[in-house]
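Take a look at the structures below.
Both of the next two complexes hold chain A, though its partner changes from chain B to chain C.
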Partner chain A sequence: MKLLELNNVSIDYQQGTQKIRAVDDVSMYLNQGEFLGIAGESGCGKTTLAMSIPKLLPAAASISSGSIDFAGERISDFSEAQLNQIRWKDIAVVFQGALNSLNPVQKIVDQIIEPIMIHEPGISEKTASNRAVELLEQVGIPGSRAEMYPFEFSGGMKQRVMIAMALACKPKLVIADEPITALDVMTQAQIMDLFRVLAKDFELSLIMISHDLSVLAELCDRVQVMYAGKVAEVGQSQTVFGSQVGAKHRYTQQLLKSYPNIHQERIFIEGIAGYPPDLAKVQAGCRFAPRCDLAIDKCFTQEPALIQIGNDHQVACHLVPGDSK
Partner chain B sequence: MTIEAIESKSPKTMRLLWQDPLGRLGLILTGFVFAMAVVGPMVFPFDSGQVGKDASSILQAPSSGLLLGTDELGRDVFRQFLMGSRISLVVGLMATLISTVIGASVGILGGYFRGKTDSILMSITDFFLVVPQMPLMIAMGAIFGQNLSIIILIIGLLSWPRTARIIRSQTLSLRERAFIVRAKSLGSTNLRIIRIHVIPHVLPMLISNTILVVAGAILAEATLAFIGLGDPNWISWGSMLHFAFSTGAVGRGAWWYFMPPGVGILLVVLAFTLLGHSFDRIKNPHGGTSS
Partner chain C sequence: MTDMKPLVLRVKDLVVDYKVRKKNGSGKSAVHAVSEVNLEIYQGETLALVGESGSGKSSIAKAIMRLVPISSGQIWIGSEVVGQVNEVTKLTGKALQAARRNFQMIFQDPYESIDPRRTVLDTVTESLRVAQIGAGEKEREQIALKALTDVGLTPAEQIGRRFAHQLSGGQRQRVAIAAAMVVKPRLLVADEPVSMLDVSLRSGILKLLRTLSDDLGIGTLFITHDLSLAWMYADEIAVVYLGKIVERGSAEDLIDRPLHPYTKALVSVIPNPELKADSKRTVLIGESPDAANLPSGCAFHPRCPLYRELGEPEICRTTVPTLRGQDYQVACHQVNATEYMGTNV
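Up next, the complex of A and B:
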């Protein structure tokens, strides 16, 4: 069952008199109980796309076209008041830089009960606090720590607190924006395990944003690779990362080579030469073409469409032959 | 800011103030002035109608019975001095209360909402900031009359712009912090965000600024009373100075009449200034209102 569906969504940032298209004509979906990973370099529109779902975009950004449907409702048409009703209750967010997302002068427990108090009016503070302690224990923090302040917590613990806060109202969908980026590798592994456990306990659907493909490969059912505001490739994790089919888009392939894989033999980390394009000056053709070592003439003149090449596997590349069926 | 702000709720603040030599002096002086204002008039009540019976009772030098002698009407200066401390403090504190409430509200609203609200509030603030305060206070005092509550209002209504500016700049940086964005995304109302996330963060700076405003307000009241714009029904240190000068006590060398209120004003202003600066250093170690 589809929980979330985005159709042809474009998002513009107003910069002075200029409009910069950060997300260009993106369609995507998320099934109930599914983990979707969104990958790509900095500035490719990952966060903008994800934050457009609960409409938590910066003031300069706006959804200029497209529609967003969530649990059978067209939330892209919702008013601010309606959105406030579903934010956190149905769609919760674990923000990027969660380490700063806690109020330094408020006790942890008081911060976790905040969404509960807002979205469940009439609940007593005592009941809410009890639930907050329960949530903390579910994310692996002893309840005795609830009365402490954020500065008494380590980075990994703060991240767990943010996750507990996201789960406070038992949301249907959690959007986690780089939830493990600023953590060390051991803590990353722990947080990933936590997501797996919570997925079962809370019947979570998750959109996880990361630039680290290996993390997404480990955790997510499907992965969507973005480049310069467009979807480059999307498919089942086992298809895209597996040995049978593998990544088809040159960008995905090179992105995979940019990270070490601890399960495989040591390889030379190649990286991708050049930088992502300036979205204010979009040229014709494939946006990745200037950096692509396989680019042909057509790549510079004609923009490739996102085509179906296999079961639940789509790629936007001229070099990949489409599925005949 | 993190740890300091938390400690503002703890008794540790007092200890830190006590450890700072200037802070300790400020605490002692303030405590002394408060004790004098509260207890003094109870023990030595002052009756303004109790004037001297003959010429010899006028401007008497201090003696064992009359600690600070008498004034131009033969009244006890020491009792007057105690009563005056009460009025000076009351005016100073009440005016500061008004000033702080307005200043903090304007600062927080402007800084938090930005945009039109901010530009309107800040242009009002700037207007009051550039207008020379003392001449305006004198003019308003002369127009609206010599009444204690009006004097409190005038001082309070004219001394908030500095507070507003300081609090606004704090709020401006706060509103961009990640936890405020998070609170907004939770569906928190602006009022709730201000109450829970903004006010606790600006409080240390607000308190230290408030203490400094008290000193200024007391001085402003003394100035107004000294030039004869005080409430004639109440004795304050300023009005004591006024009468000492206008009745020629200075020329006749009656130091016991004009010295005590002068020294009193000096000490109380010093007390609050020391306390405010010391508090500021403790709470806002990275450059606060006084730096």
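Up next, the complex of A and C:
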């Protein structure tokens, strides 16, 4: 069952007199209970796209076209008051770098109670407090530490607190923006395990944003790769990263070769020549064409559409034949 | 294998203690950030120091660079005379300044390490001035322009006039590399040189470092938290836990057949894009203890899966394990490096 569906969403940033299209005509969906990973380099629009769902965009940004449906409702038409009803209660966010945004002079438990008290008026502080302690234990923090302050917590524990806060009102959807990027390797592994456990306990649906494809491949059911505001490739993780089908878009392929892989031959990582385009000056054709070693003439004149190439696998590339039956 | 190459770095029994205020406010106590570390790097080779934050890997690097006080131990660095190492442990003032041309460092965040008020060209010529290279400003400019071209910042005259804020992250790191390499050091310390860059740009920077190091015969100390990057880039890896090297060996051996339980766990959690996480992962419980409160015996024992598996042997709690072995070393009471096949110990 589809929990979330975006259709032809475009998002513009007003910069002076200029409009810059950060997300261009993106359609995507998320099934109930599914983990979706959104990957791409800085500036590709992954965070803008995800934050458009609860409309938590910066003031200069606005959704200029398209629709967003969530749990059967067209939330892109919601007023600010209506959105406030579903933010945190139904759609919670773990912001990037949020582990540093805990209030340093407030006890951990009080910071978790706050969203509960706001969204569930009439709940007693005692009940909310008990729930907060329970949540902390579910994310692996002993309840005895609930009365402590953020400075007494390590980075990994603070990130667990942020996750507990996101889960406080039992949301249907959690959006996590680079939730493990700033953490140590072993702590990353712990947090990934935590998401797996919570998936079962909370019937969690998750959108996880990361620049690290291998992390998404391990954790997510599906992965969506973005480039310069557009979806380059999307599919089941096993399809895109597995050895049977594999990544089809040249960008995804080259991104994968940009990471050392200890399970393969020890070779120097390849990287991608050039830089992502300036979104203020988007050229005709495929946005990746100037960096693509396989580009043909057509790639510079005609923009490729995102087409179905296999079971739940879509690619936007002229060189990849479609699923023409 | 390494016998023929000249040594560019030797570190003997390095100890770095930081003084911190006691929790109860009564005086100060010492935190052992680095304890008895020994290292050698030969010309043209790269040793990666890998560890989590707080492991002490950056303290080791800073001590070698003489940026933090050394509590005890000795450091020798290759000199202008190939094959000759000079002790730098106790150098101060002008003598230290002069010796610095032989050991240079690049940092994780080039925006913080490049003076925002200097032009790119001035950043590189300043490096030459400090090292007293070049007969005059004219000559230094010529050398600097060539250095900028060598790191791919072309046209050098044009980019040389820019300031740091007018460059991309990748370009800034290239400026930092040019400023470090232009004095032809014997040793380069690279502290997370690509971790702030987008993945597609990392290869370009690393290939540049590799090419310049090979051309100039530089030895590299590569600091990273990323074990797979260390495996790809370095010849040797040393894994650091709470200020101590717990395992050291060739990059391939260490990843293919790690011996120390800590290294084993680190290798097991490296994400594999080709398959979903399986049961072979060893996710350690808890976090590294505070360096101010080191556990007794082996500092890793409270988190060690092998310690629990073996029924909590007493020696792990009571005795600090020494780093044993020759070409391949491991510091664990329960693992014998001499049993490691394929190396001459």
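Convention: the second predicted complex is superposed on the first by the 319 of 325 C-alpha atoms of A that agree within 3 Å, B and C clash if a C-alpha of one lies under 4 Å from a C-alpha of the other, contacts with A are read in each partner's own complex, and residues count from 1 in each chain.
We adopt the following convention: a residue touches a chain if its C-beta (ideal position, glycine included) is under 8 Å from a C-beta of that chain, and two chains touch if they have at least 3 such contacts.
Since the structure is predicted, the reported quantities are computational estimates derived from the model, not experimental observations.
With chain A as the common reference, chain B sits beside chain C without any clash. Counting residues of chain A touched by each partner, chain B versus chain C, the larger count belongs to C. In the superposition on chain A, A:Q32 makes contact with neither chain B nor chain C. Contacts of A:N103 after superposition: chain B is touched, whereas chain C is not reached. In the superposition on chain A, A:V185 contacts chain C only, with no contact to chain B.
The three-chain arrangement built by superposing both structures on chain A places chain B and chain C 80° apart around the Cα centre of chain A, to the nearest 10.
Of the two partner chains, chain B is the only one touched by A:Y149; chain C is not. Of the two partner chains, chain C is the only one that A:V215 touches; chain B does not reach it. Contacts of A:F241 after superposition: chain C is touched, whereas chain B is not reached. In the superposed model, A:N130 makes contact with neither chain B nor chain C.
Of all C-alpha pairs linking chain B and chain C after the chain A fit, the shortest spans 12 Å. Annotation: chain A has no residue touching chain B in one complex and chain C in the other. Here chain B touches chain A in the complex through residues 1-3, 5-6, 177-179, 181-188, 192, 196-197, 200-201, going by the rule given at the top.
Across the complex, chain A meets chain B through its residues 54, 56, 84-85, 87-89, 93, 95, 97, 100-106, 114-115, 118-119, 149-151. Partner chain C is touched in their complex by these residues of chain A: 41-42, 154-157, 184-190, 192-193, 196, 211-215, 217-219, 237-238, 241-243, 254-256, 258-263, 266-273, 275. On the side of chain C, the complex with chain A involves touching residues 52-53, 168, 170, 198-204, 206-207, 210, 225-229, 231-232, 251-252, 255, 265-267, 269-277, 281, 283-284, 287.
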